[in-house]
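Following this message is one structure expressed as structure tokens.
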Amino acid sequence: MNSTRYQRGMAKLREIDGEAGEHVVASLADIAPDFAQYLVEFPFGDIYSRPGLDLQHREMAVVAALTAMGNAAPQLRVHIQAALNVGVSRQQIVEIIMQMAVYAGFPAALNGLAAAREVFHQPPAQPMMPG
Amino acid sequence: MNSTRYQRGMAKLREIDGEAGEHVVASLADIAPDFAQYLVEFPFGDIYSRPGLDLQHREMAVVAALTAMGNAAPQLRVHIQAALNVGVSRQQIVEIIMQMAVYAGFPAALNGLAAAREVFHQPPAQPMMPG
Amino acid sequence: MNSTRYQRGMAKLREIDGEAGEHVVASLADIAPDFAQYLVEFPFGDIYSRPGLDLQHREMAVVAALTAMGNAAPQLRVHIQAALNVGVSRQQIVEIIMQMAVYAGFPAALNGLAAAREVFHQPPAQPMMPG
Amino acid sequence: MNSTRYQRGMAKLREIDGEAGEHVVASLADIAPDFAQYLVEFPFGDIYSRPGLDLQHREMAVVAALTAMGNAAPQLRVHIQAALNVGVSRQQIVEIIMQMAVYAGFPAALNGLAAAREVFHQPPAQPMMPG
Amino acid sequence: MNSTRYQRGMAKLREIDGEAGEHVVASLADIAPDFAQYLVEFPFGDIYSRPGLDLQHREMAVVAALTAMGNAAPQLRVHIQAALNVGVSRQQIVEIIMQMAVYAGFPAALNGLAAAREVFHQPPAQPMMPG
Amino acid sequence: MNSTRYQRGMAKLREIDGEAGEHVVASLADIAPDFAQYLVEFPFGDIYSRPGLDLQHREMAVVAALTAMGNAAPQLRVHIQAALNVGVSRQQIVEIIMQMAVYAGFPAALNGLAAAREVFHQPPAQPMMPG
């Protein structure tokens, strides 16, 4: 294990996804523990840790992509929460999902809005970021 | 035709896509002229004209989605140019496409980067926005 | 709001989707009320209201596409019911879904048939069309 | 080889796809001749030969699905021609493709319209069906 | 009905999918009995019965494809079990799913691993193959 | 840069993809050099280097997935060649692609076979593996 990438990745994962991210990592322990390590190291230790695009823009991009693809509902909900965690507003999230109607069709946008409603109405876990 | 939506949409289309957008509209004249009207009115007159998300963020979202979906190469190139037109930097575009490797796989990101290279190396048409 | 498009769209939505359509529109009120308006105006006020293709053929096309895409289960069920509402027969719906095995694979067709079974076995809400 | 299914399939393939269908079958001879047999037998000998949905409706469904999926351009062109061959009008084809903007997004519809333009402007091979 | 293909297909279906396969066939009886026949005859009587690729490799390919497509969760679970039935190891299945992170993104792999956990933890029905 | 992962990844990349892999890495130098590094490190240094699944099975899985997804033609060709490089036979490749007709439809399989024909008929570059 590359300790620097892993530690940087875990810190980034906690900053972005909070408990939901730690839960995903923990849930892999029984079936694919090495995949938990890769998930921390590559997406979070490498990609999300890069300069050149801030976390708000990264999460906007992910909400857009997962809404458009329409085949990863649990991850879409995690990233709608992650977008809120890093400071994207509810209004911005809703606008991004609505925009996907143009590029991936109305069903994709409707299912994205249903995911957003579900996330927005959850009792917030401990907020990950002040403000 | 709803003249307000259409006029607002054409102005927005020109602001975002410049000549490429006008070319798409013109190319529909022979086969589906009403579709050209809808394209101006709904995506541009309705969606892109909304407050609540600025054009840079809208184009970031579209570049992310089209890269991830991987089945609309001509539109991805148009929107990489559109992102540049509204002020998204080359670096931000490349970061968004790289991030899609995590959510849609390396082939989607590689094909997105190839599209970006093609757009970046084109002689710029008249720039749509100063700066 | 463009009242003509909206009114034409609501009438068309009721004709096609009946209560299910009104439910979708109502469900957007809390999270994206403008999207409810667009949903009425563009798909129903613009597209479904066009001459040149009758409603039976439009719904056949939608059942085919949503079965093949395989990532919008709730909308597939709504449109199987809509196809029945506008006069497409159960047999025609089953044939269209079976045909998708050729173009999108057996899993897509099997999941489409499961959706059809679910819709066919529901107690019909008020029928939208005689016969 | 099951001669009844194969013969029925070849007759149906010729009726629907004409020379383009025979070309696809012939093109498989070097790399996967058994696949050519399956292609004749299952889609054409089994599915397209079924009662319960006429050929016009089957081709409408296929044009819708391939437009929406957006990842099989050569087959979309073959089936736009096939739809014409069995009596679907150009107007109906264009309406179906436009409708896909609602369910799969504007890029899918724009690429479908480009395919239709290409097919419509080709010099027709020998027409497969009178009228 | 072509009795040879059907009988060969049913034998192959039982060998691969065991009771789950028979359940799928039975579940089609009310809505699309002919489709049950095609499902036995073409995939199992034709394709899975071919020499040139053994059943372990066929199921590895199917687990990879359904994980990557991400839109057919019930079939993915059936084929993870089928892979076990024909002798693919749990480790090989997990490795294949992990590999899909590279080609279809981490969400596809995470959802594939969740499906594998579900299948691995089910009380085994009657094992289809010794060892 | 993590030199061990990178070196292990480059060795694995050369073993699997030969010159085509090095070409992909080189082609990223101008637009996203860090992405070239990630491509070497994560897919090749981490995933392909794992025990538990041999390279032949990994490439079979990738050919299956890319054929089924149908939206990454250049990568499908690279991996058909890679499968040959690591010892998968032409017959096995053709069988895997044919099998995808069942899971992703005939168009996906037809386009996969066309890619295989193209790769098989290319003059082989220097063979990567004896035998």
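Every chain is named by a letter (A, B, C, D, E and F) in the order it is written, and numbering of its residues begins at 1.
Operating definition for what follows: a residue touches a chain if its C-beta (ideal position, glycine included) is under 8 Å from a C-beta of that chain, and two chains touch if they have at least 3 such contacts.
Quantities reported herein were computed from a predicted structural model and do not represent experimental measurements.
Q: Return the chains common to the contact lists of chain E and chain F.
A: Touching chain E and chain F alike, sorted by label: A, B, C, D.
Q: Touching chain A and chain E alike: which chains?
A: Common contact partners of chain A and chain E, which must touch each of the two, are B, C, D, F.
Q: Does A-C or B-C have more contacting C-beta pairs?
A: Pair with more contacting C-beta pairs, A-C versus B-C: A-C.
Q: Determine, among E-F, A-B or A-E, the equivalent of interface C-E; equivalence here requires over half of the contact pairs to be the same by residue number.
A: Selected pair, repeating C-E: A-E.
Q: If we define chain centres by averaging CA atoms, which chain lands farthest from chain D? Would you check?
A: Centre of mass proxy via C-alpha means gives A as farthest from chain D.
Q: For the two copies chain B and chain F, what is the rotation angle that overlays their Cα atoms, in steps of 5 degrees?
A: So the angle, rounded to a multiple of 5, is 120 degrees.
Q: Which is it for copies chain A and chain B: same residues on both faces, with over half shared, or different residues?
A: Counting which numbers both chains contribute, over half are shared, so the two copies meet through the same residues.
Q: I'd like to verify one number: the distance from the centre of chain D to the centre of chain E, where each centre is the average of its C-alpha atoms, in whole angstrom.
A: The separation of the two C-alpha centroids amounts to 29 Å.
Q: Report the inter-chain centroid distance for chain B and chain E in whole angstrom, where each centroid is the mean of the CA atoms.
A: 40
Q: I need the residues of chain A touching at least two other chains; which ones are they?
A: Answer for chain A, listing residues that touch two or more other chains: 34, 38, 42-43, 47, 50, 66, 68-72, 75, 94, 98, 100-108.
Q: Based on which chains touch which, is the overall arrangement a line, ring, star, complete graph, or other?
A: Shape = complete; every chain linked to every other.
Q: Can you list the chain D residues touching chain B in their complex?
A: Those in contact with chain B are residues 69-71, 94, 97-98, 101, 105-111, 113-114, 116-117, 120.
Q: Mind listing the chain E positions that touch chain F in their complex?
A: Per the stated touch rule, the residues are 42-43, 47, 50, 52-53, 57-58, 60-69, 72, 75, 91-92, 94-96, 98-104.
Q: Which part of chain B faces chain D closely enough to touch in the complex?
A: So the residues of chain B touching chain D come out as 24, 27-28, 30-32, 34-35, 38-39, 43, 66, 69-72, 74-75.
Q: Touching residues of chain F toward chain A in the complex: what are they?
A: Within the complex, chain F touches chain A at residues 2, 5, 34, 38, 42, 46-47, 50.
Q: Once bound in the complex, which stretches of chain E touch chain B?
A: That would be residues 68, 100-108 of chain E.
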